[in-house]
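Both of the next two complexes hold subunit A, though its partner changes from subunit B to subunit C.
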Partner chain A sequence: MIAGTATNVVFGLLRMAVLLAALDAAPGGRIAGYDVAATVTYVWLGQGLLAFVVLWGDAALANRIRSGDVVVDLYRPWDLQQALLAEDLGRAAYCAVTRLVPPVVVGALLFPFRWPTPERWPVFLVSAVLAVLVSFGMRFLVNASTFWLLDNRGVMALYGVATGILCGLTVPLDFFPEWARFALWFTPMPAIMQSPIDVFIGHGSLWLTVGHQVFWAVALFLAGRLALARAVRKVVVQGG
Partner chain B sequence: MIEVRDLRREFRVSEKAGFLRRAHRTVAAVDGVSFDVAAGEAVGYVGPNGAGKSTTIKMLTGILVPTSGTVRVSGVDPSRQRKELARRIGVVFGQRSQLWWDLPLKDSFELLKAIYRVSAPDFTARLAECVELLELGPFLTTPVRQLSLGQRMRGEVTASLLHAPELLVLDEPTIGLDLESKERLREFLAELNTKRGTTLLLTTHDLDDIQRLCPRLMVIDHGTVLADGPLADLRAEVSPDRVLVVDLEDAAPPLDDLPGVTSVRLEMGGKRQHLAFRRDVTTAAALITAVAARAEVHDLAVVEPEIDDVVRRLYERRHLGAECR
Partner chain C sequence: MADGIYRKILHARLRGQLSYRGSFLLDCLAQAIAQGGELVVILVLFNRITALGGFSVTEVLLVYALASTAFGMSDLFAGQLNALPMYIREGTFDVLLLRPLGTLPQLMASDLPLKRIGRVFSGLVVLGYALLHNDVVWTPWSVGLLLVTPVAGAVIFSGIWVLACSVCFWLVDGQELANTVTYGSNTFTSYPISVYSGWLRRLMAFVVPGAFVAYYPALALLDKTDPLGAPAWLGWVAPLVAALVAGLAGITWTFAVRHYRGTGS
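== the complex of A and B ==
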């Protein structure tokens, strides 16, 4: 946890340096509505959200499907998807304290940081939880693809690359050209990371941002249910 | 407790057939299996690797949907009412774990208590019983990853009994255990079956498990049931021969001309002879007298065919039958 936070802070410093250098070179010292304070806040909040939403994905379920241990999960009297969601929410609550807060504190203490207006705080909390739900929905589908592919490492790797760029980690999605931002609006990607950041620093419409998150949280949860139901009926469970 | 009728499960197998092409063929892992298990029975389900044992178990527990045929376990259709079934039965997989790897054994049990919604007094009573009988006390607070296999298996069995299932399905429960751990586990399961009346269905390659635990044996091979009945009956059915082993004072030519003797195997150059004889033609006593008349006997023993032998002969008989066809 301490090692994780240390790495996280170093990368935060690097990202902040690169973005502030770009800002410095830009006319008027702003890019797409980002001034220095917004950029600092974007970087440090993003560093905190990384682990909170498990941006790059995880492989716990995929490994259990691959080894066949998923049979143990399937004969328990529970709904596997809901059980995993409960587990993930517990993990997120723990990460909120251990991984989300520290980089934000670093950013707020050492650099010009922009806190949200009081009425945005509750919306930010809702948006952050929705980001976990959307991320869970995506990770569940990526993991469940193992039922059909037998080995989902390719999908995992692709997902890791895609989320880094398309969720707003590399640069804020507002830096993207108009057409790309429009296209991303039709995917769940911004909802995983850029949305809670936007709510925090006050970019874009609150209700559109949160509405987009709600839509994808529900849609992905239902897609996951469907996928699991199909997998259980159609697909062979591995191993003797 | 269990009703299985004409159960069949096919798998599609892909094989490489050229650079990018795959040939597909359909293989029936379970091919028309029917049987019943009554409440309170203890049934051994044996067969070689790939015979269809685990596939059957997966269909009984609702994890795999049958291609055709019907299954009812504990009054429900397993694949349609998997959750309902899970509350009524317990499953132990010898090669998998239902415990949480990084948690102490006790915490795993607490989680299962919540998952199965076991009431606190029931939970305390059942856990206390298992802790006593399986001697879990010394490692109840040890993380599962640090337990020995024998300790973990005792934990696994406890985990599957906390909700007091009417049926316990065990898939190779004694695999990898040492003799003492095996014996302890068998003793516990035998008691569970006789005292609590829990129905047992177990697959195993260790035929001592069957001998110790299961009055009834089902033998499966190539997806079909080869034999089903009490061990003693199967023995009589496949090998009516018994064997008289005689140690002679001096080496002698094979005593294969004695009445009732069907075959002779020599050891130590003829000093020890294994005489297989037909029970319906002669008696052990008559044969001993006949042997004694021909040579000086030092020692002798009458041997029942080993259970391994019985099962092997069942397989052989099946394969011979297949060749004749």
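== the complex of A and C ==
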């Protein structure tokens, strides 16, 4: 946990240096409404959210499908998707304390940081939980692809790479050219990371941001249900 | 004798990877895009600004491309060291010690993840672009510098990898800490060091000699004076720095392995 935070801090420092150097060279010292305080907040909150939403994806279910152990999970008197979701929410709650707060504290103590106005706090909490739900929905689908592919490491790797670039971890999505931003907001990508950050630093329309998250959380959950139902009916699971 | 064994081991590793073709190709692609992640950041930023740390977009791309190619090559050979904590925790490191071969080459040959060629490939593509769009004065010397730089950079990165992973012999869970200097250096070296400041720059550019991977050689290739005022000859000493790092890594590894006690049972 401490080692993980140390990694977040070093990458936070590197990211912040690059973005602040860019602000320095930009006319008026601002890019797309980001001043120094907003950029600092963006970087450190992003480093905290990284582990909280498991940005790179996980392979727990994929490994159980590969080994055939998933059969045991499907036998159990529970709904597999809901059980995994409950597990993930528990993990996120733990991560909120151990991984989300420390980088934010580091950023807030050492650099010019912008806290949200009091009425934004509850919206931020909702937005953060929704980010976990959307991330869960995407990860469930990526993992479930193993039912058909048997080896989904390629999909997993592509997912990890895509989220890193397109969720707003390395550079704020507002910095992207107009057409790219337009296209990105049609995908669930911003909902995982950029949305809670936007709510926190007060960028964009609050309700539109959260509404986008709600839509994708529900849509991905339903897509996951459908995928699981089809997989259970059609696919022969390997192993004894 | 050892040569024959390594050839057989690596041959087996390569065949193993190609058994799931589709997944392998996707993995290759993912690696290429992963290395391109920083490229997206550079292009997005230069969409808004004209200079970063005193460097134009093509100059930053040259620094990024040199660093990227070097990191890709290093990842191909030294990336396997990331599995070291697993070897130590599960006690399988004992097996390596029992064999009549060096532990470090064995670990490096424990896999030859061909997919990481994707990283080298994306680095080379950008390098080609950057060389065409910068005013590089072509002399036998600059050609030599261009050929030596990625190799020296790869040796520096690999040395850093070995040094950082040696920590795992004392701190079994030191992997994430090691990542800060290995993958952290990959990010750091992708930009001119004039972007960073204070102790972060001193640490990552000189203690971890990241500045010699791409920044100083790129200045020499561009025939540009360092905005931070460093002398021009620093662009030519990367091979020496690489030799130094490699030597230090070798000594540290030997010392660390001697310290290894095993997990028991």
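Assorted remarks:
To be clear about the criterion, the second predicted complex is superposed on the first by the 240 of 240 C-alpha atoms of A that agree within 3 Å, B and C clash if a C-alpha of one lies under 4 Å from a C-alpha of the other, contacts with A are read in each partner's own complex, and residues count from 1 in each chain.
Going forward, a residue touches a chain if its C-beta (ideal position, glycine included) is under 8 Å from a C-beta of that chain, and two chains touch if they have at least 3 such contacts.
In this text, all values refer to a predicted model and were calculated from it rather than measured experimentally.
In the superposed model, A:215 lies in contact with neither subunit B nor subunit C.
Once the two complexes are overlaid on the shared chain, A:18 sits against subunit C while remaining clear of subunit B. Which of subunit B and subunit C touches more residues of subunit A: that partner is C.
In the superposed model, A:76 makes contact with subunit B only, not with subunit C. Here subunit B touches subunit A in the complex through residues 11, 49, 54, 58, 61-65, 79, 82-87, 91, 93, 95-98, 115-116, going by the rule given at the top. Subunit A contributes residues 68-69, 71-72, 74-79, 83, 232-233, 236-237, 240 to its touches with subunit B in the complex. The touching residues of subunit A, counted against subunit C in their complex, run 3-4, 6-7, 10-11, 13-15, 17-19, 21-22, 25-26, 31-32, 149-155, 157-158, 160-162, 164-165, 170-171, 175-177.
Across the complex, subunit A is touched by residues 20, 22-27, 29-31, 33-34, 37-38, 40-41, 44-45, 47-53, 115, 173-177, 179-180, 184, 187-188, 191, 194-197, 200, 204 of subunit C.
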